[in-house]
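For reference, the structure is listed below as structure tokens.
Chain IDs A, B, C and D follow the sequence of writing; residue 1 opens each chain.
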Amino acid sequence: MKKLINDPANVVAETLAGFQAAHADLVTVHFDPDYVVRADAPVKGKVGLVSGGGSGHEPLHAGYVGKGMLDAAVPGAVFTSPTPDPILEATKAVDGGAGVLHIVKNYTGDVLNFETAAELAEMDGITVKAVVVNDDVAVEDSLYTAGRRGVAGTVLLEKIAGAAADRGDDLDTVLAVAEKVNAQVRSMGVALSACTVPHAGKPSFDLGEDEIEIGIGIHGEPGRHRIPMAPADSITDQLVDPILTDLKPASGSKVLLFVNGMGGTPESELYIVYNHARKRLEDAGLEVTRSLVGNYITSLEMQGCSITVLLLDDELTALWDAPVNTPALRRGV
Amino acid sequence: MKKLINDPANVVAETLAGFQAAHADLVTVHFDPDYVVRADAPVKGKVGLVSGGGSGHEPLHAGYVGKGMLDAAVPGAVFTSPTPDPILEATKAVDGGAGVLHIVKNYTGDVLNFETAAELAEMDGITVKAVVVNDDVAVEDSLYTAGRRGVAGTVLLEKIAGAAADRGDDLDTVLAVAEKVNAQVRSMGVALSACTVPHAGKPSFDLGEDEIEIGIGIHGEPGRHRIPMAPADSITDQLVDPILTDLKPASGSKVLLFVNGMGGTPESELYIVYNHARKRLEDAGLEVTRSLVGNYITSLEMQGCSITVLLLDDELTALWDAPVNTPALRRGV
Amino acid sequence: MTETLNAAWAVAWIRRAQVVLAENRMELIDLDRAIGDGDHGENMDRGFKAVVAKLDAGETEVSGVLKLVAATLMSTVGGASGPLYGTAFLRAAKAAEGDLDSNGVVAVIAGALEGIVARGKATTGEKTMVDAWTPALAAAQEAAAAGIGPAGAFRAAANAAQAGAEATIPMQATKGRASYLGERSIGHQDPGATSTALILTAAADTAEAV
Amino acid sequence: MTETLNAAWAVAWIRRAQVVLAENRMELIDLDRAIGDGDHGENMDRGFKAVVAKLDAGETEVSGVLKLVAATLMSTVGGASGPLYGTAFLRAAKAAEGDLDSNGVVAVIAGALEGIVARGKATTGEKTMVDAWTPALAAAQEAAAAGIGPAGAFRAAANAAQAGAEATIPMQATKGRASYLGERSIGHQDPGATSTALILTAAADTAEAV
């Protein structure tokens, strides 16, 4: 394991220290417990948005703290959901009197810890609602799984719900927008290589020189199945097909196409995937009206990508286009 | 070699096709010869900025085409300088009557091809000036080398010169600003792993499990020396020290600190490096007033980073802060 | 051997559990790498180190020790196992009245299992820590019914938990992160069931040493 | 063997050079990986494939063939070697008058070297293709002075270029990308000098077959 770190135990703390110093104009980092809030939190009268989860997915979530997106992010240890304390503290810190929305990726740990924090916050008189993101079509949403995982759709949801809160929507309306995004977004990912969690010191799984994992999540878990290495177009097909099968978009629908890098894949490859994915969507009669390509929710230095398709309507498009000013996503400000 | 590509020969063309589709609002891609111009080129009366070089450094240069930065980018084959033809065509396409500035990274190939293109453009009646970026302190600028390489300082120069052109400066003034940036910027890089050029199919160099290369460029060349793996703070020292030795900034100087990822390093690690580098600069009496952290000029999927320090004055700070609207850098618009 | 286990034993148990979890940190990481995200050993190690740092030697009640463990695990472990073990120890603390005889041991284990199920909604056969706690409870009950003392009850529970953990190997996970793997989760031992066996073995070892 | 080399020979030379460069693509890549950026084999292969695709069998002058090669290399190779080889063939084309006798061979090689030096400003001992072209020119001059024919002149040049390429191994690079490595460039053969030897050997092989 070669990493630009000092001590695996200090990775999150030192990352946050650097993040604070680099982005003091946008965010304030609290230590012990660790959480990140926008510099002007709480915004009076605005619904507060709190997300969080294990670290290692940077820029998610701390990179999305700022006007028009999240009010707070709560980073746990690498790939480990944070405990209730920092979630509670972050919730308190961003409550502007209009209640707080928890954006939780669907993992047992995240759900349990956010639930507990929400209970504690309610005891402190803060109204908390939660949306649990579950966009990963690699996992069947059935009795036999913990349900679909929350993956790259989370970025889109945070942006759009953040815009809804920013325009003054109340908690129930922001929640409804978030639920709508979650209902209309699907993702699927592939890994060409594993990643190495600092405290584990070895790759999260062992992959042969000519094998790839289809249907991976964002925590270095093995995927649904392993296939021989294939050309980008064929891999792209294997991500697009299950998304379309699951989402069943009506022909003529407008969509946002998001190709996300897992952290160790060159941007050029993401555009190659985007190019073919877009063709596939257009062949299916869809109109790609918005796009996002880059490393937005990663698995440390894993090589691979995910494809996300979000069905758009005028409202979601307007919210997507709304100004946002965060360390990792900035536009219109 | 596992890459999300179809055919090594088509990597650049397919990347550009995806790039065009994803960013049609900002850029127009021309094929055969390949170059990228801002969607509204040429901007009448504005100095045109053209940069380019081998591909594989994405988002450089095409990601910086747009208002407030480059007017055109010319991508060669992976790690191979483009030929004169597309440079000439791009130069013609962005000439708004006020002349064109070529921003060239100091490599024999880039310099020779841009020189030829400039000659040809002058024959077509276009005034062309060039700035050759050479910020890499890993290479001695002596009779015994091809001179210092142009590396991450290029991103800062493109932004700042782009802002100067955007505010209406004439060609000589834009050139002077660019020369000033080049005179005041220094960089140094480290590789934890090599990268694999698609057409070569194997890593650019072989590095032991516990070795790293100090003083690398951005083309997968081996660096100046190889050392055993070390903690991030110690590696950071070995990048900061030669920069300070070379730049000799006066105590109290304001600087921009830029920590750039080589493509395969998690953002968290970049912030860890940033955190220590900033402390080192502050210990040296410098004031870090602007920061940039992320993957802005890469070497495919190489793991590692570079540190860049730019001496700021009020003019450069204002130009750095000026609005920019490109696929990879956006602010104030 | 005494008839009951007191607060000093509880402190010794938790200290022993910390040592054993630290020793098995990499083994638990490897089990979790195979079917999860590779952090279980790190999570448990971090949590129990934090617990030991807070263990108050002056604590006079078993219940008080377990409550401290619960609160500390809840606030330091994170992930799925943090709330699950946190709730387990909280309910165990509630169930512990005074020093533990073998019925007290049964109550503590029953409380832990109940807490885990309340939070995680898993049942047996889903390849989780429930598959270690459930046979552990049955074995403790049997031992108590047979008039065996608290140390023996813990030993029976620990052995059953260990067997239960091993029995997760052929199971397909349907709860937790391992469920994402579908059939590929088969053939690996569940990390949480394994840490459960380690913790209960630490309880038996320290109880026998009382 | 004829006394002079004509346009048909020039076409055969370039076709042969293309085949040889394609065959040695990976070797040149590996040489460039060691002290550069690993693209030289790909660059030369791409360039000469493009040249062959444009080679007009109806071209009646050696000079015309070389000019086409120059223009095509310049517009397809890129990197440092593109302008350098492009200018080399351009000056060689200018130097070639009619068919080539051994003095014509000398003129062509002299033109090529002059073009490379004009563009790249390198001198001998800097570990570049100049270290292959320089001894090649000397050897061709010697052969011509000794009354040897054009094929023999090319053979002498090719052998000298090959020896020159090998002689770059102990050199420390002070021009081009390899100069960034400082002392670490020592011990490796220069890729551009190697491709030069391949190209001149192709000239000799095809001249002998005329």
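To be clear about the criterion, a contact is a pair of C-beta atoms (placed from the backbone, for glycine too) under 8 Å apart; a residue touches a chain by one contact, two chains touch by 3 or more.
What you see is a predicted model, and the numbers here were worked out from it, not measured in a lab.
Participant: Going by the contact rule set out at the top, which chains touch both chain B and chain D?
Facilitator: Per touch definition, common to chain B and chain D: zero chains.
Participant: Where the centre means the average of the CA atoms, what chain is farthest from chain B?
Facilitator: When every chain centre is compared against chain B, the largest gap points to C.
Participant: Roughly how far is chain C from chain D, centre to centre by C-alpha average, rounded to an integer in Å?
Facilitator: 75
Participant: Per the centroid of Cα atoms for each chain, what is the distance between chain A and chain B, given in Å?
Facilitator: 29
Participant: Determine the centre-to-centre distance between chain A and chain C, using the mean Cα coordinates as centres, and give it in whole Å.
Facilitator: Centre-to-centre distance between chain A and chain C: 32 Å.
Participant: Distance-wise, how many Å sit between the C-alpha centres of chain B and chain C, to the nearest whole number?
Facilitator: 55
Participant: Is the chain-to-chain touch network here best called a line, a ring, a star, complete, or other?
Facilitator: line
Participant: Which chain pairs here would you call touching?
Facilitator: The list of touching pairs comes to A-B, A-C, B-D.
Participant: Applying the document's contact rule, which stretches of chain B touch chain A when the two form their complex?
Facilitator: Going by the criterion above, the answer is residues 2-7, 11-12, 14-19, 21-23, 55-56, 58-59, 63, 192-193, 209-210, 212, 229, 231-233, 235, 263-275, 278, 288, 291, 293, 295, 298, 300-301, 303-305, 330-333.
Participant: Enumerate the contact residues on chain C facing chain A in the complex.
Facilitator: On the chain C side, the touching residues are 29, 33-39, 42-43, 46, 74-84, 119-120, 172, 174-177, 179-182, 184.
Participant: Can you name the residues of chain A that touch chain C in the complex?
Facilitator: 54, 76-85, 107-109, 112-113, 116, 138-140, 143-146, 149, 197, 199-200, 202, 204-205, 217, 219-222, 224-225
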